[in-house]
Amino acid sequence: MNWSLTIDKALPRPLRIILRGVGQVFFCCNAVTGLIFLVALFIGSVTAGAAATVGVISSTVAAYLLGFSEDDIDAGLYGFNGTLVGPCLFLFLEHSPQLWLYVVLASILSSIVLAALMRILHPYNVPASTSPFVLTCWMFLVAVYAFDSFTRGPILPPPGIPTVVTGVGAIPAEVWFTALTKGIGEVMFADSVVVGILFLTGIAIVSWRGALMALSGAFVGVIVPMLFGANQNLIEMGLYAFNPVLTMMALGWVFLKPSGKSAVLAILAGILTVVCQAGLASFLTPIGLPTLTFPFVLVMWMFLFAAGKSKYWSGPAAK
Amino acid sequence: MNWSLTIDKALPRPLRIILRGVGQVFFCCNAVTGLIFLVALFIGSVTAGAAATVGVISSTVAAYLLGFSEDDIDAGLYGFNGTLVGPCLFLFLEHSPQLWLYVVLASILSSIVLAALMRILHPYNVPASTSPFVLTCWMFLVAVYAFDSFTRGPILPPPGIPTVVTGVGAIPAEVWFTALTKGIGEVMFADSVVVGILFLTGIAIVSWRGALMALSGAFVGVIVPMLFGANQNLIEMGLYAFNPVLTMMALGWVFLKPSGKSAVLAILAGILTVVCQAGLASFLTPIGLPTLTFPFVLVMWMFLFAAGKSKYWSGPAAK
Amino acid sequence: MNWSLTIDKALPRPLRIILRGVGQVFFCCNAVTGLIFLVALFIGSVTAGAAATVGVISSTVAAYLLGFSEDDIDAGLYGFNGTLVGPCLFLFLEHSPQLWLYVVLASILSSIVLAALMRILHPYNVPASTSPFVLTCWMFLVAVYAFDSFTRGPILPPPGIPTVVTGVGAIPAEVWFTALTKGIGEVMFADSVVVGILFLTGIAIVSWRGALMALSGAFVGVIVPMLFGANQNLIEMGLYAFNPVLTMMALGWVFLKPSGKSAVLAILAGILTVVCQAGLASFLTPIGLPTLTFPFVLVMWMFLFAAGKSKYWSGPAAK
C-alpha cells in the first residue's frame, strides 16, 4: 500500500507526527491511517475527536519538551497514549471547561510514564503499549472522588462488591455485525458501527494481516464470552471484543514474526484476554473503575516475555 | 536416599517428568516423591487427584509445545504450577464438565506466566516458584463473577469489607497434631491429616532437612497466629501454616546454602509470612479471593532479593 | 553549613548512624539535622519520638546483622524507613505493650525490603526511598483485622466504598501558615506547627535549596487541592502537602542536577502527586488504609525512570 506511505512522507513533520500518533493506537505508523481514525472519531462524536486531538498534541509536545527520543516521537509513539487519554476522560467524567486542563495534565503524565516503562521494558524487547494510558487514566478517574471540580459520569461502573452476572443469553444473528464492528470501535471508546468500519479500513490500508487479526480478535471477543455465559448486552456493545482485537493484532501481526504458529498463539492469547478482562473487571469493582485496555496489555506482556524463553516463537520484532 | 533417585531415573521419561512436576510443589525433583504426593491427593479426594493430574499434564505439554527449555521441563518445573491449578479450581468452584476445560486453559496460562517470570527473575537468581499458579488462579477465580457457565463454590470467601477477627482462642493440646499435619496438607488444598503425613514422608525421602523445615514451618504457622490472636478455626485447619511451611523449606533448605544462619533466617521469614498472610487476606476481602500461596512467594522474594545485598547470606542456590 | 557536618563527623559512630537515619527521612545525611528531627518528634509526642527511636535502631541493627553494605548503613540509609515505621504504627493502632514488638518486627522487615528493592532499582539509578516503609506498614496495618492482639485506632480510615468528597471550601488566609507547616510535619505524622518549623530548620541547616523545595511542595499541596476542590479539613491539616513536599525535595534538590529546569519538573511532579494521592486514597478505601508516602514514591519513580530517556534532564545523582 505504497500510496498511503507516500502521502505520510509528504506531510509537514508536525502534522505527520500527530497523525501517526493517532494511527499508533492500532499499531499503524502511518499518517493517512491516523487521519482516517481521527475523522472517524469526529464522526462518532465531535467531543471525542477534539479530546483525542488535544490529548495527542499534549503528550507529543510534552515528550518533545522533556527531551525524549526524537525517533520515537517521529514514529508517533508519544502520541497514541494521549490520543486515548482524551476520549477516555471525556467519556467517563462530566464535561466541564476544567476537564480540558485535566486531559492535558493526564496526557503529559502518560508520556512520562511511557518513557519510564520503555526504560524498564526495553532490555526485554517488550513494548509498554497502552499501559501508560491505562495507569494514568485509572489514577485520574479514581482521584475524582476527592475533587469537587470534577464529577464521575453515569457510564463509570459504580463502586461496590462484585456480583454474579445477570442478563445472560446468546446474541441473535442479526446483531453479530454490530457486535464485531463496535468491538473494533470501542478500542477508542466509540460505540458505533460506522466508526468501527472506518477503523478497520484504516488498518487495512497498512496491512491486510493486521485487519484480519483485528477482525479475528473481534470474533474471539464475541464467541468466547458467549460460550462462557457473559452478559449479553456487554457482548453486543463490543465491550468483550476490543481487548482481544488489540491482543490478536499485537501477537498475530506486530510483535511476533507473522506465521501460522503466531496466528495460533494469537488466538490462544485472545481467548485468555477474555478471561483476564472478566477477572480484572471484578478486581476493579470495589473502586468503580473500568478495565480499559489493561487485559490486552497484561496478556500481551506475558506472551512476549515468555517468547524470549521459547525456541519456536520468533522473539518480538522491533517496536 | 539413593534408592528413590534410582527409581526416578529408571522411569520412562514422560512419566518421570509428570511425577517430578508433582514433586516440585514441595521443591522435590524426584518422581517417587511425586508419586507419593499424587497418591496422597487421590486418597484425600479422587477429584482433587484427577484435577492435579490434568493440571500437571496440561502445563507440561503446553511448555513442550511452546518450545520452553527442555532442561526445565525435565526437572518438572513446568509441572508444579499446573498441579496446583487443578485442585485449586475444583476446590473453589462448583464442579461441572466445562470446569475441566477451565483447568486446562488455566494450566496452559500458568506455563506461559512461568516462562515470562523466569525471564524477568533469572538474572537475579530468584525463582518464580508458585507465583504463576497464584496469579493465574486469582484471575480465573475472580473472572467467574462474569461467567454464567462457572459458579463460585461455598468455600470461597464472600466479597465484602474486611472485619475484625472473631472466634479467637488457644487451640487445645490434642488438636496440635491435626493442625501441624493439615498445615502441610493444605499446601495442596488437602484438609486431611493422612495427606499431610504422606506429603511429609515424600519430602523426607528426598531430604531430612527439607522435612524438618516443613515441620518447623507448620509449628511457626500454629504458634505465631496463636500469639497474635488469630481465628482458632483457621489455625486448627492449618490455614495459617501452609505458607510458612513453604517459606521455611525455600529459605532453610532449597534456595540458601543450608546452615545455622539460614535456619534462623527461615524462622524469621516464617514469622513474617504469618503477618503477610493476614494482611494479604484483608487486601483480597473486597473481591472475595483467598491468598493461596502468595504470602510465601512475597516473603521469599524479599529475602532472596535481599540475599544478593548481604555479605553473610549465601546467595540463592541454583533453581 | 560546615559546622553541622563537623559535629556530625565528631560523633561516636553508632550515634551518628542512628541520627543520620532519622535525618534521611528528609534526604539529609547529617546527624545534627537528625537530632533536630528527633527532638521535634519528642516535642510533638513522647510516644512518637520513642517509637521512631525504636524503629530506627531496629532497622539499622537488623541491616548490620544481616550483613548489608556498611557504606549504606553509615549513610543512615537503613534507618529512615524504621524511623517512619515506629510513629506510623503508633499513630494508627491502639497502644499496647506488644505493639513495641510489632514495631521491631516491621522495622526489621523494612530493612529486608529495602535491600531487595535496592538490588532491583540500583541498575536504573533509582532509589527505593520510603517505599519499604510504606509496603511494610500497609501489610502490618491491614493484617491487624485478623489479629486480636492488635487493634485499629480511630484515625485509620474505615474500610468501605469510595464516596464523593464533602466539606469543600477555600481555606482562610490565617490558616495558610498552619497548613504549610503541618504539611511538612505530617511527613513524620506530626499534626503540629512547631514540629513542621523544626523539620524545616533541620533541612535548612543542610541546604537552602532543600528547604525551599520543601516549602514549595507544601504550597503546591495547599493550592492545587484547593483549585481541584478537595476537602478543606484535609488541606488545613497538611494531609495533601506532605507528599508533594517529598516529591519536590527529591526532584528539585536531591536526585536531579539542581537547575531551573529541574525546579520546573519538580513543580509539575508536585502537582501530579496531588492527583496521585487522591487516586491512591480511593484505591485503598475498600480495605481502610492510608496512602502514607506512596504517592510521592510513585511519582518520583516515574520521573526518575523517565529521566534516563531524556537528553535534557540530568540523570539521577548518586543515592
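Order as written gives the chain letters A, B and C; numbering starts at 1 within each chain.
Criterion: a residue touches a chain if its C-beta (ideal position, glycine included) is under 8 Å from a C-beta of that chain, and two chains touch if they have at least 3 such contacts.
For each chain, UniProt lists the protein as follows: A, B, C = Urea transporter.
Source: prediction; values computed, not measured.
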> Cα superposition of chain A (Urea transporter) onto chain B (Urea transporter): how big is the rotation, rounded to the nearest 5°?
Replying inline: 120
>> Shared numbers divided by all numbers used: is that above or below half for chain A (Urea transporter) and chain C (Urea transporter), i.e. same or different?
In response: different
> Where the centres are mean C-alpha positions, what is the separation of chain A (Urea transporter) from chain C (Urea transporter), in Å?
Replying inline: 36
> When you check chain A (Urea transporter) against every other chain, which residues touch at least two of them?
Replying inline: 286
> Which bits of chain C (Urea transporter) are touching chain B (Urea transporter) when the two form their complex?
Replying inline: 66-69, 105, 108-109, 112-113, 115-120, 138-150, 152, 159-160, 286-288
>> If we count contacts the way the header does, which residues on chain B (Urea transporter) are in touch with chain C (Urea transporter) in the complex?
In response: 124, 161-165, 168, 225, 227-231, 268, 271-272, 275-276, 278-283, 285-286, 301-303, 305-306, 308-313
